[in-house]
Amino acid sequence: MKKLINDPKNVVNESLAGFAAAHSDLVRAEYDPNYVVRADAPTAGKVAIISGGGSGHEPLHAGFVGYGMLDGAVPGAVFTSPTPDPILAATQAVDGGAGVLHIVKNYTGDVLNFETAADLAAAEGIEVRAVVTNDDVAVKDSLYTAGRRGVAGTVLVEKIAGAAAQRGDDLDAVTAIAEKVNAQVRSMGVALSPCIVPHAGEPSFTLAEDEIEIGIGIHGEPGRERIKLEPADAIVERILGPIVEDIPFASGDKVLLLVNGMGGTPLVELFIVYRHAAEVLAAQGIEVTRSLVGNYTTALEMQGFSLSVLKLDDELTELWDAPVQTAALRWGR
Amino acid sequence: MKKLINDPKNVVNESLAGFAAAHSDLVRAEYDPNYVVRADAPTAGKVAIISGGGSGHEPLHAGFVGYGMLDGAVPGAVFTSPTPDPILAATQAVDGGAGVLHIVKNYTGDVLNFETAADLAAAEGIEVRAVVTNDDVAVKDSLYTAGRRGVAGTVLVEKIAGAAAQRGDDLDAVTAIAEKVNAQVRSMGVALSPCIVPHAGEPSFTLAEDEIEIGIGIHGEPGRERIKLEPADAIVERILGPIVEDIPFASGDKVLLLVNGMGGTPLVELFIVYRHAAEVLAAQGIEVTRSLVGNYTTALEMQGFSLSVLKLDDELTELWDAPVQTAALRWGR
Amino acid sequence: MALGLSWTLDWIRRSGAVIADKRVELITLDRAIGDGDHGENMDRGFQAVVPKLAMLDDDATPGDALKLVATTLISTVGGAAGPLFGTAYLKAAIAVGSAPELDGAAVVALLTAARDGIVLRGKAEVGDKTMIDAWTPAVDAAVAAEASGASEAEILAAAAEAAAAGAVATEPLVAHKGRASYLGERAIGHRDPGAQSTAYLLQAAADAAQAA
Amino acid sequence: MALGLSWTLDWIRRSGAVIADKRVELITLDRAIGDGDHGENMDRGFQAVVPKLAMLDDDATPGDALKLVATTLISTVGGAAGPLFGTAYLKAAIAVGSAPELDGAAVVALLTAARDGIVLRGKAEVGDKTMIDAWTPAVDAAVAAEASGASEAEILAAAAEAAAAGAVATEPLVAHKGRASYLGERAIGHRDPGAQSTAYLLQAAADAAQAA
């Protein structure tokens, strides 16, 4: 295992300290329990939004704390949901009296820990709602499973709900917008290489020099099938198919296309992927009117990418375009 | 070699097409010869700035084309300087009558090809200046070598010179600012893993599971020494020493600290590096007043990072803070 | 012999020791069908629990100790295992109330409440390839042993043995809960890490009773 | 036998063939002490040159063909090698002027002008571990051969042999120009890729003359 770390036990704390120091104009970090909030939190009268989950997915979520997006983020241990304490502490720190929305990726651990924290916050008189994101079409959604995972589409939920909260929507409205985005976004990923969790020291799985893993999650959990390496265009078609068929997206739809790097894939490759994905959508009459290409929801140093497609309407487009000022996403101010 | 590509021959063109499609609000790409310019180029009366070099360093340089930074970028083949034709074509496309500054990283190929293009542009009546960046302290600077390499400090030159041009400085003034930034910035890098050039298909070098390469360049060229893997803090100290001693930076200096990822290193590690680098500088009385952490000057999928330290004064700080709107660097608009 | 505070403390200390010992094994199980952190999570939790035992008063009850485990696991483990085991110990603590000593019926009540707490939070059934596949056979075995007049140590030994068998029995299953459910058929052939850690924790309980 | 257009075309075509053939070898040399693209760069250039030869008129001169090589290499190769070889062919074209046939003196003038062009652009001296370490011995050998009354084919054979020896002789050197100069002592033991490609190009010239 070759990593730029000191003690594996200190990865999250040291990284958080570096992040907070590099972005002290935007955020403030608290330790023990660990959380990050906007430098000027709480904002009186504004609905606050927090998200969180295991670390190792940076910039998710702390990189999205700031004006127009999240009010706080709660980083757990690497790939491990945070416990209720820091979630509660962050909820208290951001509450401006208008309620707090928890955006939670659908993993058993995240859901349970956020639930407990929400119960504790409610007991202290804070109104809390939760939206559980589950955009990953690689996983069968059924009553008999833990359901779909929340993956890169979560970033779009956070941005758009964040814009709604920033313009002054109330808790019901912000929650509804977040649910709408989650309902209209679908994602799927692929890995060319595994990742190594610092405390494990071993790759999450092994892939031969000519193999890739289709339907990969963002924790190095194995995907739905393993195939031989293909040209980028063929891989794009392979994962775009299930995404488009799911809702389904249809000719005439306007969409946002997110090409998300898993952490170890260079930008030059992500743009090759973007080119063909946009081309394939266009051939189906689906118009890409907004796009985002980069490393936004990662799995440490994993090589690979995911595609997310979000159906846009005028309101979502306007909220997407609204100013945002965070470490990882910034425009308009 | 596992990459998200189709034919290695088409890597640059397809990636460029994806980049231009994803950022059509900011840039326009031209092909054969390949270059990228601002969507609204040329800007009449404004000094124009272009840069370029081999591809594989993304977002450098095309990711920095836009308001407040570059007017154009010329991507060559992977790790190969572009030829004079596209440099000339880009120079003509951005010229707004106030002259064009070429920002060139100090490599024999880049310098020679930009020189030829500048001669051809001059023959057509365009006033061209060149600033050659050479911030890499890993390489001995001497009359008897090709001199220091231009590495990640180039981004700082491009941002600050771009802000000067945007505020209306004339060609002499913009050139002087670019030279000043280059004179005040020093960098050094380290690799944990090599990169693989698509047409070569083989790693640029091999490193044992417990080895790292100190003083690495951005083309997978070997560095100045190979050592055993160390904790992140020790590596930071090892490369920060030569940087600080070079100018030298001194107690009381205000600086910008850039932690630049080489492409395959996750953000969580870059922030661990940032934390200690800022700490070490602070202990020497050097105050980090501005910072930038992320993948800005990469070497494909190489794992590793470089540190750059730029001495700031009020003018440079103001120009750094000035609005910029590019694919990879954006604030203030 | 009814089991008191010293058994409870011994159980918890033995739990910390066995989890530390099996940390890598549990990580490896979780790497195969999950995300490779179960051993790390459980170890972080029990390493936090053990030093806190010194804070308990001399007249503390087994329930007090179980509650300390519950709150510490909830606030240090995270992931799925944190809330699930945390709830288990919390419900177990409530079940044994303030009794200074636990007889066979109390031991059965403890195990049953723990299992029920996990089901309440996680909604898993037997056969879903989760820790419930170790807990439920353990509870069943404990009930049967108690009914046949076994001692507390024998009840716990029966529970531990059934949990271990239950963990092994998760191997051929497809998962319906937790991360392994994402894998479909590919989870077949791998043992559920939470069922395995459950077996180790119950073995620690039995060993502590044996030594009591 | 003086060398005309057909020799020039044959030289260029043989150059294209040998560079394609040695592409991987040149990449490998450049990976060791540079950035691993020299074979790719040169191959891209010559693959662009060869089809363009058909565009030359039947009454074109050797100088016209060399100029076509020059402009094509300049506009397709990039890197350090593009401008350096481009300048070499450009200066060679100027040196041979519009002569339809090249005698021994013209061959020497061609080689000398090419070398001088590279030095003009790249400022390298013999011993700097660059292509000049192949070019300069080649020019010296050509001058000597011509002075001793050798034929055009013999002059080129002498030049090619000296270039090949010059390329080998770069191995023990520390580099003072180009990317290998960043390596200091670590460049020792590796052959300079540009010197090696020079040797192949001059061998192609000699082979073409031999076959003429």
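Chains here go by letter, A, B, C and D, matching the order in which they are written, and residues are numbered from 1 within each.
Definition applied: a residue touches a chain if its C-beta (ideal position, glycine included) is under 8 Å from a C-beta of that chain, and two chains touch if they have at least 3 such contacts.
The chain list, named the UniProt way, goes like this: A, B = phosphoenolpyruvate--glycerone phosphotransferase; C, D = Dihydroxyacetone kinase subunit L.
These numbers were taken from a predicted model, which means no experiment stands behind them.
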Key: Steps needed, at minimum, to go from chain C to chain D via contacts   = 3
Inquiry  = Let me spell it out: compute each chain's centre from its C-alpha atoms, then which one is farthest from chain B's centre?
reply    = C
Task = Can you check how far apart chain A and chain C are, centre to centre, with Cα atoms defining each centre and the answer in Å?
result = 32
Task = Express in whole angstrom the distance between the two chain centres, defined as the mean CA positions of chain A and chain B.
result = 29
Message = I'd like to verify one number: the distance from the centre of chain B to the centre of chain C, where each centre is the average of its C-alpha atoms, in whole angstrom.
response = 55
Query = Using the touch rule from the top of the page, what residues of chain B touch 2 or more other chains?
reply = 78
Query = Hey, how would you classify the chain contact layout here, line, ring, star, complete or other?
reply = line
Query = What are all the chain pairs that meet the touch criterion?
reply = A-B, A-C, B-D
Chain A residues touching chain B - in the complex, by the definition given at the top = 2-7, 11-12, 14-19, 21-22, 55-56, 58-59, 63, 78, 192-193, 209-210, 212, 229, 231-233, 235, 259, 263-276, 278, 291-293, 295, 298, 300-301, 303, 305, 325, 330-333
Message = Per the contact definition, I'd like the list of chain C residues that touch chain A in the complex.
response = 27-28, 31, 33-37, 40-41, 44, 74-84, 121-122, 175-179, 181-184, 186
Query = What does chain A use to touch chain C in their complex?
reply = 54, 76-85, 107-109, 112-113, 115-116, 138-140, 144-146, 149, 197, 199-200, 202, 204-205, 217, 219-222, 224
